[in-house]
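By letter and in written order, the chains are A, B, C and D; residue numbering begins at 1 in each of them.
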Amino acid sequence: MITPLKAWNELDYKGTENLIEHILSGGVHGLFILGTTGEGTNLSYELRHEFIQLACRQINGRVPVLVGITDTSLTESIKLSEHAAACGADAVVAAPPYYFTANQNELLSYYESLADKISLPLFLYNMPSHTKVSFEPETVKTLSEHSNITGFKDSSGDIIYFQKVTTLLKDAGDFSIFVGPEEILMHALLSRGHGGVNGGANLFPELYVAMYNAVMGKDFERMQILQKLILEISSNLYTIGDSPVKYLQGLKCALSVTGLCSDELTAPFEAFKGAEKEKVEKLLQNINIGEVLS
Amino acid sequence: MITPLKAWNELDYKGTENLIEHILSGGVHGLFILGTTGEGTNLSYELRHEFIQLACRQINGRVPVLVGITDTSLTESIKLSEHAAACGADAVVAAPPYYFTANQNELLSYYESLADKISLPLFLYNMPSHTKVSFEPETVKTLSEHSNITGFKDSSGDIIYFQKVTTLLKDAGDFSIFVGPEEILMHALLSRGHGGVNGGANLFPELYVAMYNAVMGKDFERMQILQKLILEISSNLYTIGDSPVKYLQGLKCALSVTGLCSDELTAPFEAFKGAEKEKVEKLLQNINIGEVLS
Amino acid sequence: MITPLKAWNELDYKGTENLIEHILSGGVHGLFILGTTGEGTNLSYELRHEFIQLACRQINGRVPVLVGITDTSLTESIKLSEHAAACGADAVVAAPPYYFTANQNELLSYYESLADKISLPLFLYNMPSHTKVSFEPETVKTLSEHSNITGFKDSSGDIIYFQKVTTLLKDAGDFSIFVGPEEILMHALLSRGHGGVNGGANLFPELYVAMYNAVMGKDFERMQILQKLILEISSNLYTIGDSPVKYLQGLKCALSVTGLCSDELTAPFEAFKGAEKEKVEKLLQNINIGEVLS
Amino acid sequence: MITPLKAWNELDYKGTENLIEHILSGGVHGLFILGTTGEGTNLSYELRHEFIQLACRQINGRVPVLVGITDTSLTESIKLSEHAAACGADAVVAAPPYYFTANQNELLSYYESLADKISLPLFLYNMPSHTKVSFEPETVKTLSEHSNITGFKDSSGDIIYFQKVTTLLKDAGDFSIFVGPEEILMHALLSRGHGGVNGGANLFPELYVAMYNAVMGKDFERMQILQKLILEISSNLYTIGDSPVKYLQGLKCALSVTGLCSDELTAPFEAFKGAEKEKVEKLLQNINIGEVLS
């Protein structure tokens, strides 16, 4: 879930409520806040704390809430986790510390230490393009044996890697393995993945739920139709402009155009204006999710 | 300056005092705290605030104090800067936000916004291996024209790049350009650089001061002798073990062996023990700075 | 297809015949020689010429033969192509020149020039890990419109990229799009890919043919069973030792153990011996392709 | 030395003679042909053989001739080396094979094998941006002990690395260590380097000879003046356009503008025309080497 903002340092309360209701109405099985798409690392701690409370209250137990606590300081991650627990969240998610990189032994030590010190279950989050380090499959396996580590989200975009992990953990009981990029949700679900945590689900939650159901139901024709739509959104909405966060700019702009919430981003990133916004508007007119899903 | 720690989340007060006195006695022209070597990003905000106060009090105006405020959240960088101002620091230093990368325009916007919002003068900090982005020389030039941006520290290790910056900014008045890696302090000073911010100066401050003086005095023989020593320290002390922070482990271990302060690191990194520590001890016995410098 | 060698600079004639018969008996739809797995770039031109002749004669029109002509010198690529034509090959395959990298315009110019100057149809070959450059999907599209450019092989391993290409070229008539890494053969076929050029097919050609048939037949259960086997081979056979070519060492060793051909590699790479070879032997005893495929 | 071409596959004989005389008149201590700047890998073998003969004949023993034999095929490197020996060249230079990368042990094996099989002395050539692999300093040291390996050229552009090599080989007798990028010729000479192999010396050979003499003579003032000029050339002449070979385009264009030789490049690269050529013309008018050097 993105974090709706009225300004770079100000939450959009009404937009948050709207967006949560919108996403839940799409039938998602859970909600992940303050992840990469949620710009967690770029928000002040005050806003992060506030947003956790706001989201948990609005969701109110209807689906599990996972909270991103990724931070370069272990202490701050622990604080965020305890706040999330107090607000009623169900689990926390942490990518590796991302200023200094850690080797695999240091990753083991970091996550074991974190999992020991917090009360909520912990998900590992693989995001090498942002953290400069990738979990080796063996590291995920070792950590999966910790009683308080319950899942893994992989946003590497690399299905070969993803399969190595799912193969190695095929006997890991109820350890959950999710995939990030929506472009490979289908492929990941066909490769022992348990689900997706997909940014596009802010906008069209029912689409990714439909893909999940299509793969579970082995409905090959439907998978192809849905995948076509998923790629159409991705290749058009996430490719406007030249910012490293153009994916997020496109997504937030689309949510704003549909009236769900504001389109502001955290500093130093800027919302689309003018020609870029018009492109998004046209795109949205051309995408007919309803027809496909009905 | 490193941050002396008694444990991963606890400052070493006495060690901090010792170390500051040791560094100042070496004749350095200023002190940079909470940078990369200072593990700034890995400390809790509470400890960062405390350390700023502690260091400023101990230095007490004897040399300028520069404070690292690098953060992924602009709000938190501003808060750190205001605290540093209140404690009497002279300037702040910020590397680019390092979870999301920014393009050059976004860097411009980020630094202009930051410089506008804080009271202390701001130094740019180029650290591409950690932040995944490098300032283009033109970006440094544009930012150097902001009245509250007063310098640039380059830790890229790339002398070709460094020269591009110094050449482009040759008429930039009193804008300061410093180099990070001590192995190229000599080369940077010979290429219009104004000084070095070198981790090794925690241990042997007089050595890097001597190199500065040798280059200023165009003393070629002495430069060669000092450089030999600088490389000897670097190639032996910073290369033990296989952690991405082995440089810091070696440095903190050496400071501990010489009795200046503790050797603990922030999570998830560990201090040297056993065989690694013995290596450092032997190394220190073999390095005779005094003989060379006298 | 690998290139069977008796020594780093000597072809294994008998092994070549054996291997070709073995692969063809597995039901493959074509054969690609002198590609990356064929160590084309590391063979002398004399051996490349000789091998083209040898392979074409042995295959004798039973399936189409594609010949790798990847080279840093355009002249040498053209010569190889004309020799391949003379020997009766059906098409040639060229990765971008790989010492200097070319930008997308230069790639366009390179491939248009090459396609104009040769008589055989040309396949583009994307192999960014070896050539340091990737075809942008738009570049593939533009080149697909050249009358003598008839296909694209993607060995990037990136299914997100692969889908961008197949989506952009969905109306490109009989332009063929193949995938390299066998670990994603299934995923690529499910994403509009037309086939695979998979190294593992040297050893178990029927396995990859079976996967092709399973996907074409929309047989989900069989896809899962075959994929399990494909990953088992990949994760065990291609991961022994620490050479950048361990994939090739494992493959050639397995072919040697099964008695099909020698295991020598081009300089500077060495065949497995001792413990590494024993690992391969044990692996082959544990893999029961026949049971799964029957 | 660049390779003067009348067309992408045709030597410029007269230009070659002119250019060799021009370079020798600048006082260089040797000539390196068919290196990266010489586009060796992109020329057909026929042209490489022809150019070796042409250059050796023209130089006629006045300075040592080093010939680039970098190739992905060991056999072809050996052939080039034997041809160079027959033409009277003094040594050969080989970068690592550059399609497959080799690990350090494989590099050792490759270079020992090559040095054993050729009659001319061999220089190692470090060019990681093109070959994807860098010699570890220990690998250079081990190879330096081979009786037929006599030097090392480092084009990494990394002075920290360069110093590691020169420090490790400080007792390696008459093993020669040269630096590639002219922007750090001064720095390399100040760090135990023995000389430079600089592309700019095609155009202004006397400038780089003057820098060599200035450093040898410990003439700081002159070093600074010459370095200013070297950087001016580099930052203006090598930065036009957006090709990965813009350095080479700028250099060949300048040689053509000054009337020394043609400006054609090997496929797929194109010579400057129009606005780009005009930029080069203006640049050359503004650079006054003579005034500085006199």
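Just a few scattered comments:
Keep in mind that, in the parts below, contacts are C-beta pairs under 8 Å (C-beta built on N, C-alpha and C of every residue); 3 or more make two chains touch, one makes a residue touch a chain.
Owing to the predicted nature of the structure, the values given are computational and were not obtained by experimental measurement.
The chain with its CA mean position farthest from that of chain D is A. Per-chain Cα centroids separate chain C from chain D by 35 Å. A separation of 50 Å divides the Cα centre of chain A from that of chain D. Under the contact definition stated at the top, not a single residue of chain A touches 2 or more other chains. Taken as a graph of touching chains, this assembly is arranged as a ring, one closed cycle with exactly two partners per chain.
Interfaces, counted as pairs of touching chains, are A-B, A-C, B-D, C-D. Those residues of chain D whose C-beta lies close enough to touch chain C in the complex are 8-9, 36, 39, 41-47, 70, 72-76, 97-103, 106-107, 109-110, 113, 130-132, 242-245, 266-270. The touching residues of chain C, counted against chain A in their complex, run 157-160, 163-164, 167, 181, 183-184, 186-187, 190-191, 218, 220, 223, 227-228, 231, 235.
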